[in-house]
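Both complexes shown next keep subunit A, but they swap its partner, so subunit B is in the first and subunit C is in the second.
Showing the complex of A and B:
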């Protein structure tokens, strides 16, 4: 009996992780399919300018850190670390709020929807869950080691975030 | 997207005015200086004379957003170099320049009205750090003068070109 329970639990976790990873990969592919929100010369923004996601490369840049280290001044380095940490945490909070906003609007729309698609709902929920976990992990990591070593994770979170927006767009919400 | 007349004004402004300003930061400060502090409306007599006030204002707002985006997303090394170039072209004493910029933070007026707050914060943060780097370099210079403020300039001196 115990073996059956353990087997079921392990199978459930494996399936969940597989679905989760699949969902994340799809999100990234969709994001890349839209051009990865890169800003081209001549592009202009509709309302608030380039999105906060464009700031990722600056906030999480290790190139900037190398430049500051080359200046060899402890006060400048301390200012740099403090500023980047503050900005990174602010960015994470901003993206979390945006994601919550998307989910909230989506829930409202879902309540009125006649043609609810369970597969899309599950996909969106998993992306949201993954995003929440990633952002929490990212926030803790920023506190511990600073943002410069976390650019890959931040960009991945960004990709999942844009994937979420795309699911929303595809459903016309 | 800009309407045709504003786009034409923007192209004219970009080729005839912006292209003559060498650094991105100087371009940003120049465009920001065409914006009225009270109303937030951009004004440029030469451009308005050719394309109309509204088209000129929209063209300047567009150019402002574009240049701000370019400066905000520069690496810290580039921002520091841009700021150094701007400081040198201002012909102000470096100590006076750094004192004013660090205390008064005049670069905040260079932020467009419609901009994502995170991008604006990145811009402010980068300028703050670049100023600290330039201050450090100045102090490292063996013959740097005392840190006291020099007397104010007899007349306003701006590195920015005239408006045409």
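Showing the complex of A and C:
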């Protein structure tokens, strides 16, 4: 029985890792193919000014999808969804690389600082780790449900969470 | 016979390492490391002598010198930390905190194993206690190496060799002692052969890495910024990155 449990746990972990790597591989490969973090002026992702952030917001909104679904056939809709997912994953990969770059620059600068504070370094590292986990979670979610449905999913999760909080409050009263 | 040959062959290698250090004046540059090597040489000679002259005493001498050697082995990690991070006081501070954390975490395990010995000290328990103490050293070495890699601290060939050799030895010993603790006398012969061979490989790594002196890299020139300013800048950039994600979700 114990061996069965261990085997199931190991198989589960292997499957999860395989699934996780598969979900982010496409974006990673494409991102590396485009030259990684080397950005040129005018690149779509190079700045997060109003036009770029509006475009990113557009990728994750469902308005375009609703329009395509109402106007085009199933093949065009599928192509649209695939391209949107690709773009979203690429944006997430770009953000991950940016975050890694921030920490890399931080370590380069702080290794020479005589007044380095270990507690602050640990706090920064945890903050960075949390950010990385968010990116990974986002990538898996986009791969599973697509960028357009992500917002709806988050809203639903939020509503469920608030509902649970309300039940707890009622029980407390 | 093979065990005996490996054991005997390690002594000339120890002598060669010390002779090179005296000739090249490396003893002054790595005093703690070479003191440790000298101690190991004396230990090997003492064990060898007792083995031939007073075989009954061998077990007691072995375990006494083994535990002294384990404590002395900590100095290798200390030497790496002292010389490798000499020009980086901030990172050295970080390493000290990491080493203390590793020590506290793993020392509790050592105490737990030692506490089991109050009911009766078995050979298997002795192996496990040695393994736990060695594990403290592995954790300390791993943390130190991680910090050096993370902060991209340039390390000389000599120091790389010291830490690589010692890390290899520790890894082999811990694996070996785990098997000894679990399977007992059945694997004793193979275990002692593996342990002696691993020390030979370690000596070879040290001899190659310390054959000539490679100066410890010093800090690159340029003005060092205040840590608080660097930290504030990084925090701000991470906050921007976080808000970019949060703006997508409600």
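Here, the second predicted complex is superposed on the first by the 88 of 173 C-alpha atoms of A that agree within 3 Å, B and C clash if a C-alpha of one lies under 4 Å from a C-alpha of the other, contacts with A are read in each partner's own complex, and residues count from 1 in each chain.
Note that in this section a residue touches a chain if its C-beta (ideal position, glycine included) is under 8 Å from a C-beta of that chain, and two chains touch if they have at least 3 such contacts.
Values in this document were obtained by computation on a predicted structure and should not be read as measured data.
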Touching partner for A:136 - first (subunit B), second (subunit C), both, neither: neither
Which of subunit B and subunit C A:80 touches, first, second, both or neither: first
Contacts of A:57 with subunit B and subunit C, given as first, second, both or neither: both
Touched partner set for A:67, first subunit B, second subunit C, both or neither: first
Touching partner for A:94 - first (subunit B), second (subunit C), both, neither: first
Contacts of A:114 with subunit B and subunit C, given as first, second, both or neither: second
Interface residues of subunit A shared between complexes with subunit B and subunit C: 48, 57
In the complex, subunit A residues that touch subunit C: 48, 53, 56-57, 60, 95, 98-99, 102-103, 105-118, 120-121, 124, 127-128, 131, 134-135, 138, 150-151, 154-155, 158
Subunit B residues touching subunit A - in the complex, by the definition given at the top: 1-2, 62, 65-66, 68-69, 72-73, 75-77, 80, 112, 114-119, 121-122, 125-126, 128-129, 132-133, 136-137
Subunit B-touching residues of subunit A, taken from the complex the two chains share: 39, 44-45, 47-52, 54-55, 57-59, 61, 63-64, 67-68, 71, 73, 75-76, 79-80, 83-84, 86-87, 90-91, 94
Of all residues in subunit C, those that touch subunit A in their complex: 88-91, 93-94, 97-98, 150-153, 219-220, 222, 224-228, 230-231, 233-235, 237-238, 240-242, 244-245, 247-250
